[in-house]
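Structures are listed in the sections that come next.
Each of the next two complexes has chain A plus one more chain, namely chain B in the first and chain C in the second.
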Partner chain A sequence: MKLTLNIWRQKGPNHPGRMVKYEMPNVDEHMSFLEMLDVLNEDLIHKGEEPVTFEHDCREGICGCCGFMINGLPHGPQRGTTVCQLHMRQFHDGEELWIEPFRAKAFPVLKDLMVDRGSFDRIIAAGGYVSVNTGCFVDGNAIPIEKQNAEMAMDAAACIGCGACVASCPNASASLFTAAKIAHLGLLPQGQAERDRRAVRMVAQMMEESFGYCTNTGECEALCPKGVKIENIARMNRDYLKAAITYREESAPAGGS
Partner chain B sequence: MSTIAVGGINRTALFYQSVIGKKVIMAVTGFILSGFVLGHMIGNLQVFAGPEKFNAYAAFLQGLGPMLWVARIALLAAVGLHIAMAVQLTLLKLDARPQAYVKKSALVSTYAARTMIWSGPIVAAFLIYHLLHLTTGHAHPDFKPGDVYANFITGFKNPAVALFYMVANILLAFHLYHGVWSMFQSLGVSHPRYTPILKRLAQLYGIVIGLGNVAMPMAVLTGILTL
Partner chain C sequence: MAINLDAKIPSGPIEQKWNKAKFEYKLVNPANKRKYSVIVVGTGLAGGAAAAALGELGYNVKAFCFQDSPRRAHSIAAQGGINAAKNYQNDGDSVYRLFYDTVKGGDFRAREANVYRLAEISVNIIDQCVAQGVPFAREYGGVLANRSFGGAQVSRTFYARGQTGQQLLLGCYQALERQIDEGRVQMYARHEMLDVVVIDGRARGIVTRNLVTGAIDVHLADAVALATGGYGNVFYLSTNAKGSNATAIWRAYKKGAAFANPCFTQIHPTCIPVSGEYQSKLTLMSESLRNDGRIWVPKKQGDTRAAAQIPEDERDYYLERMYPSFGNLSPRDIASRAAKRVCDEGRGVGPGGLGVYLDFSDAIGRLGKKTIEERYGNLFEIYERITGEDPYSVPMRIYPAVHYTMGGLWVDYNLESTIPGLFVLGEANFSDHGANRLGASALMQGLADGYFVAPYTIGNYLAGIKPGGVDESHPECKFAREEAENRVKTLLSIKGKKTVDEFHRALGKIMWDKCGMGRNAAGLDEALPLIQALREEFWQNVTVPGSGGEVNQSLEKATRLADFLELGELMVRDARIREESCGGHFREEYQTQDGEALRDDDKFCHGAVWEYQGSEQAPVRHVEPLSFEHVHLTQRSYK
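Showing the complex of A and B:
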């Protein structure tokens, strides 16, 4: 099939970008979207032009590396799918596509379709972990976990950190991403010790990174390739509210006096 | 490892500075205001029961004395806080995406949800006019203190005024259509069993407020209510 692509081209972080039109006369419907871009890049290289930069790694929808906007939707039109798992049969002959990077102040464009999602890493570093003491290991299944909680934690843990939630949000809020981790760990016994601190610090970091706020529009939930639910955001709000009232910062540095 | 650690913190400042704290303030004030608009509408629908009943209701409210002022101050504080949070959060949002999308689609968000920041301020502008119009009378061409029914009829005889009231109340209905559910989510209330019901009830709330409030100026315009 034949497609017309309008792709955002931007040399680097401080360069202005613009849409550039490319004709794709011969797209195979069995290709994935990224394979289609590989073909385009091959072509651009042969012509001596700069190939389109986009991120990818696993190409099987589990690493969270890939992701950009197709016709105004992160990861394109198919629900529950990352762009690496999106196939060209989702499009029709003669279609014109608009392809651009995720846009948020906290996701600066590095080049073309590639953005820097270091802000997500810093939110996780602020509290998205459980501390485990070294020593003798604990027996598997020694800690009872209610089935329902285990499942809800698992659903929240499905987040691959791709950033589609931020990209789809009218306010560029990172609430779904942050809430997914707070819910994942907060639902498990291992996550209780640091639960208050986690909520306070991760939410603070989310603001520090200049993400917007949540207006409960539900766009993120609809577009999340892993189906993470905004119920988790309510859970984050609950955890945060409780922590804001009862939380005490340690008075001595960790490991110290 | 503590480049990102939060230092000694003041609890109130922490809450107030966070996006979640601000949304909680927004939700609580929104809750108070939503409750008020329902009571306000039900009270005013007594206009359909005739001048005596309506004027008696107005006199009853005036007769509350200091209680009336307590309610007024609480409502003004709620409006003030609600607007302050709306402005702060909107500034954050404008800062969060400096470069707009060339193309952006919306999948599930309602029109009401995406236009909260437009329906809100228009309702605020209407609120000021409404107070000057039917409460203090400064913006009323023929204001008779005490004769609330007459002020109501003569006020809405002007089609432009009636139209503004109707438009503002339709926008208020939109605001509530999303807001009344949104406030529960902001406060952390969400459950797969209740959330869908809550969403429906919120939409119904918006629609009822919209219909009720539009009916009153409409009734004057169409001649159903006269002096």
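Showing the complex of A and C:
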């Protein structure tokens, strides 16, 4: 099939960007979207032009590296699919596509379709863990966990940190991402001891990273490639409200003085 | 310098060796730990776990990865599960049985003492991960669930749906982020290691390129740990993530770290077949599918009927027929070769006849679609997305693909390479898996190395040295940095006619055809000059657009390929000299009458350990003899 691509080209963080048109005369329906871009890039290199920069690694929909907008949708039109898993049979002959990076103040563009998502790591560093040192454990079966809770925790933990939720949100909020981790750990007995601290610190970090507020538009859930549910945000809000009233940060970090 | 291949295996009965070693290791006192610094390259299961655990202990850690976040390491893609000898199923498992299965599964080419330690530690890994909140699959009673994997007759594999690697890695990443928050680990994401810095015979640092700014810098420490994963991408098409590369271990090899068993490559039997020239990678369908899927091809050659049209008695369930006691759960090397054989006979299915069926209709009939969906739903979805076919109604088509590399840098019992102070963890070392790794054992090894072995052995090393003492003005630092800078400059200045991917595909084809699933002397003899010629052409005719001072993905690919082009040659040399078949290394000249791998224990019961001799001379092959006191050398049988 034949496609016309309009791709955002931007040389670096402080350069202006613009849409550039490319014709793709020969696209195979069995190709993945990224393989189609590989073909374009090989072509550009042969012509002495710079290839389009886009992030990817596993190409199996699990590492969360890939992600950009196709016709205004993060990861493109197929539900529950990352762009590396999206195949060209989802498009039809003669279509024109607009391909842009994820847009958010907290995700500055580094080059072409590549953005900086370091803010996500900092949100996790603020409290997205159970504080146990290596070796500090009991037998795995000593903590029975209701199957249903384990399943729900797993649903939330399936987040791949790609940033599609932020890109889909009119407010560029990172609520779904943050809530998914708070819910994953909050649903398990192991996560209870730090539940308040986690909610307070992760939410504070999220605000500090200049993500927007959540106004419940629900776009994030609709467009999350891993089907992470918006009910996690309600759970986060409950945890946060409760903790905001009762939780007090220690004056000195543990062990320090 | 003479190479020292003392494996430093502790004396005493095998069950007590690790405890004895831990007791004898020197300790750094808690107040002094922060004076020592350790560089950890790689944040997959092995590196992420090591960096977190070392940070928890109080060392100063600098961790590096080339992705934008430590959470994206290739370990994230592991699907099926992780083994542990918990015996929660009461089905006869034990540390000894896991040890036995692993030694036998590896076709007697691994060190017994290491494997025993791995089996012993396996039980702690599960406990550790549960404590971190890893959401493993559970039974209704709230206890942990298990499934079976190839090469074992017990159910010892723990899993989190089809995303076990993801969940284990997130556990490890979260522990790492906690240390970053506490200031004990400094994280350098989007940094690629281009060389090791060796000063006075000890590993003292690394050279990196910042993948955003292009800056090339030296980082120094008291010890360096490489946990940079496997080198399966030497074949271009593999199940590895696109960025997986050999640069870190290859550069270390060229600085004096010996490389062991480079030719031991694992070909995974169940991957989605290649669909076209543009193919960029291969997708694994987890081995766990073989719990319920049955593998078959038509009995007749060139049978082009649709699967449903082929009656039961005209199907050959060849694994069940050839290996009745393990059937569809035969080890990977055996299942892969059997698939190749039936396809070579002209009985393969799908385009080009390079495929076999993995059929769930019996299991769906027996257990219902819902159960199958619960067990494998996400894998079925992946399959459908890629092929456009619905595996609930049409059998999957699968074919073997390069998946894992058992070879890697040689390490002793302490995971230390032949360069003092350079430790190697996870898939990057020449592993405990011998000539073939059993399913669900790589995650186990990565976490064992990272959480439970390296923190002790690196501590022991640090306790014997003084911290610090070198800075970046040292001539070795300057030299290593300049060398890396020059390599980058050269690659950018060639401005030839072929792209990096074109060269990589060409290398992959040589490796797959001549050093892939089946190997023989004639093919290997042909491969050597082909690779050398390709390498020469690469350095004259590659084109790398852009500059060195910015994000440049073509340049990243080029520096990696330059190293693969050298490593491929070493793999071929190693495969040529090992005139026997064992595990994943199948030399067609050495097989039993019914086509099974035929080892030669008199000549090859050893690890082959290669020492670099400079670019002008062929490398030297040393051996580390292996002895088997517990699991007796026999021909592997899964019949």
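Going forward, the second predicted complex is superposed on the first by the 248 of 257 C-alpha atoms of A that agree within 3 Å, B and C clash if a C-alpha of one lies under 4 Å from a C-alpha of the other, contacts with A are read in each partner's own complex, and residues count from 1 in each chain.
Please note the rule applied: contacts are C-beta pairs under 8 Å (C-beta built on N, C-alpha and C of every residue); 3 or more make two chains touch, one makes a residue touch a chain.
Quick caveat, the model's predicted, so the values are computed rather than measured.
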| item | value |
| --- | --- |
| First (chain B), second (chain C), both or neither touched by A:125 | both |
| Which of chain B and chain C A:214 touches, first, second, both or neither | first |
| Partner chain in contact with A:106 - chain B first, chain C second, else both or neither | first |
| Chain B versus chain C, judged by how many residues of chain A each one touches | C |
| Contacts of A:4 with chain B and chain C, given as first, second, both or neither | neither |
| Touching both chain C and chain B, counted on chain A across the two superposed complexes | 125-126, 253 |
| Of all residues in chain A, those that touch chain C in their complex | 11-12, 28, 30-32, 34-36, 38-39, 42, 45-46, 48-51, 53, 55-65, 78, 80-81, 85-87, 89, 110-111, 114, 116-118, 120-121, 124-126, 128-141, 143-147, 150, 153-154, 157-158, 160-161, 184-185, 188, 190-191, 253 |
| Parts of chain C lying in touch with chain A, wherever the complex brings them together | 49, 52-53, 56, 67-72, 74, 76-77, 86, 88, 124, 126-133, 135-144, 160-161, 163, 165-167, 170, 173-175, 177-178, 180-182, 187, 189, 212, 241-243, 275-276, 278-281, 283-284, 381-382, 385-386, 388, 451-452, 455, 499, 501-502, 543, 545-546, 550-551, 553-554 |
| Contact footprint of chain B on chain A as seen in their complex | 6, 8, 19, 69, 71-73, 98, 100, 103-106, 122, 125-126, 168, 170-173, 200-201, 203-207, 210-219, 221-223, 230-231, 233-238, 240-241, 244-245, 247, 249, 253-254 |
| Complex interface listing, chain B residues touching chain A | 2, 4-9, 11, 14-15, 17-24, 89, 92-93, 95-110, 113-114, 116, 178, 181-182, 185-192, 195 |
